[in-house]
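Written out below as structure tokens is the structure these notes cover.
Chain IDs A, B, C and D follow the sequence of writing; residue 1 opens each chain.
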């Protein structure tokens, strides 16, 4: 396990240049815990398959996964149920609609969330995780995170989870709609409980970069080569990160950056360049699509300078 | 220029296995010229950056580009007008809507086609090609195709173009809607004339593979290294091929195949694996999304066997 | 109070002719209690402002109000809160969308149910009824029904209410969506509890005709002239019965029949011809829009024969 | 024929009070001819079945029918083709969508304009008017107007028609969409020509009130009792005026006013109170829904004072 990353003057400079864009963004404030983040924060860790590691900014500061968790539950749900089961219930197609939209669930016949990265699809995916209770399911997800990060103490912020649980009415609306249409089963409040806890899992940039590295490394632990995620599933996950990872700015991000990535409303960005490196970023100030404004700028600069686009 | 491709027993076998799926598809028949295609046809050419070339099936048989032309006009329009001009008028985001949908043009404020691969966006892009007349614009597009294929006799089928012109009422509807909203300028009938001719450009699998190779090769002629498309534009084009190249089955294709590709209703598929190879396929029997059913199967098999996914 | 209605050979004949259409319809079966209704039933009571009363079929057989209750809660909610309060939260416009649609709640800015006759609007209206508990609110609604019918024993079917409560996931979805947007307040489960009980209120055709007569009679008790509903509110209610009373067949019904009316999925139809008569019909076999197929036919015949269109 | 209407101090006062609202509205200015109207104008004529006539304001000033013409072409198209033919192609249902919306044409299966008062439906209806040429069809429509008004010199403003023809791209979009789906036949430009001319027919308030009177009088000439429109068709027309006559403020208008009415973007309003009176209003300043803001206020006051609601 990496304990100490190198620093790089060049990366520091890129971070400083990108940080300047933070003031054009806005920290999410629909729950108090997110609103307290410092909009000027920007940190990054890059972990390479060869064991090297670069970092800039405060990479030990924790933040919650939020929508980044959708990538992890998707991998786990496919490992639990197989591709066919998952994709019979959730589609594979990107959408131009906002992440929290319900309209397409109504107009699509049969009703089916378009992909696992919008809220409807992510809720349906979380509903598929094996386990008899919320605790058991969450325990399995945390164990999966421990496996990927090599850090067994990672858990969720109950304060954030509780706040999100209280405000999750739109997600409840999506769930009951999907329950009506047989896409999800079981108790909706329990699903919301699990989902808000999954979103509240706390990591730092190094943890995130390590997760990205496992995905980049075809699902294998970069040190031991042990398979954490089957190769095909790691590939599926990267594909969704390209086609729908950055809300409805995914297409633009693919053009301007070209790295499979997934963002969260806490300002986190998970990146995974196939067979090469994993990235963890945190910059809480968001653009109007809900992505870290400075984080995206930083990735644009890095992609341009180091040729990181997969295209 | 490649004059003769090698054959390969293995590729022949894959083609035969994929061809079996053709009978589950259906040849497009909204105009007579397309309806006459043999649903059991399936041919492929693969051109490598190192000059090698593999082929199977009748790779000299011509077919019309149809929607594949959207990739070429996008490149040309950006070369003519710059990224900013183009993407102020046409978005970069994939959509879950059908290729010919108009509803989003109405609900998006301001009105803007979501991307250049749906019909609305492609019509807006074609409207941006420099030139004073339809002939001049078409001449420039054909010259661009000649440049990419190395074959200066390639032209369009006036029979197909005329048929498409007569049935192009949905495209006219899209154009007048966009004209109302200032997305396109000028005479709609002239634009439809140009667009139907661009769709009717006739190529064979080798031509298509060669076009794919130029795109894969960062826009450079693979033999002379001369720049035909600027590198950044070739990257943009590949990105759209991944996020929106296969109509609203693009997400699934990215997962199952993972090669930047664009299909047309004639059964053609253009593929471009970055820095490695270009692919030209023709298999006229289509699935319910409008993609070559056997062509997609063939690419799935090839991607699985040869590890061709970029993810 | 009317105790015994006259019979009329002519009306009996119309009922028999209309009943023949019942076999083209289908009894609602999403809950067992509704599914047990006899599809061939058809009964009608017509109460006139002058005290006369005509009946045909078994007008003492009870059925549940279902969506007909929306008319009553709308009147009560306006009496409780005033027009301004109600119509700030719920619109006045008819819609071409299905009664249970959620899409418009998302696309309308600000979010607002289009009218009080679709489920979203009706739920928002029920949420406005004064009272501290579900029991108190329901008690007030029942008292209102007792007032209109002159029958103080009318109550709801707990069996039907419980069944509806279990299957009300779409309504829960609508409620949570509206809660997110501040259209409704308070506990969603309590609102669903109240709403399903309101829908399960049991009446017979005479009760329904009497309710219609009060509405027709400008809100006044036809015998005592006492005001039960203020005149202006009775007018509002009749207007919605014309523009949105028959789901998304309201326009056609207005043309073919022209009587302010509201239907329910139990096969009930409430009619109110201004200053003249009230109608109560029950015919459980529904057409594909969810209206009593024989009931509508009967009203068409009556409107044609007796000139009952308000247009 | 009425040559001179009475004046009434009371009506004059209502007009003055209503006129005060004009300054909150805005004259349509998408074509110059409409933009030149005086926003403070407000005039009204009321013609009764018994031959009386009341007027206030400059009731001889002409204005163009615009969307009010939809009522006339609907009557003529049903007279030409029968109810069944017309309503197989155009629906009867009101809609919450804007008058010029295209989205529902795409989402409704099969594609069909929701009603004849939105642009799509009105264009489809105009397409049904009998005649071999635009001139012949327009001649028949004008003859119909002459018959209703008793004034044979009424014609259209070629200046307005030409301006509208040039800016009619949204209507062209609707037409080509409907042509694709078989809802309309023939040449789109000819249909747009006819439609813009029909919208440009010039009348004054007295003409409009006379048209309203014929519709109110069950389609019969109020002086000679001669049938100009069959009774059933006059009823259909009044029904649409209630459910969809005032764009997507029809529901509110039905509640606040309750008179069958149809507005146009020139500020005209046609009213028809069954068996009683016809109304013609002109007040060019429009509210945000496109209805005469002072005209609607005037009708609200009149309906409240004289009890003119049909509900």
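Heads up, the rule we're going with is that contacts are C-beta pairs under 8 Å (C-beta built on N, C-alpha and C of every residue); 3 or more make two chains touch, one makes a residue touch a chain.
A quick map from chain label to UniProt name: A, B, C, D = Glutaminase.
Keep in mind the model is a prediction, meaning the values are calculated, not measured.
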Neighbours of chain D (Glutaminase) that also touch chain A (Glutaminase) are B, C
Far-end chain from chain A (Glutaminase), centres as C-alpha averages: D
Centre-to-centre distance between chain D (Glutaminase) and chain B (Glutaminase) (centres being mean Cα positions), rounded to whole Å: 48
Averaging over Cα atoms per chain, report the distance between chain B (Glutaminase) and chain C (Glutaminase) in Å. 55
Taking each chain's centre as the mean of its CA atoms, chain C (Glutaminase) sits from chain D (Glutaminase) at a distance in Å of 32
Residues in chain C (Glutaminase) with touches to at least two other chains are numbered 107
Flag every residue of chain B (Glutaminase) that touches chain D (Glutaminase) in the complex, lowest number first. 101-103, 106-107, 169-170, 172-177, 179-180, 188
Chain D (Glutaminase) touches which residues of chain C (Glutaminase) in the complex? 91-97, 104, 108, 114-115, 235-236, 238-240, 242-244, 248-252, 254-255, 258, 260, 274, 309-311
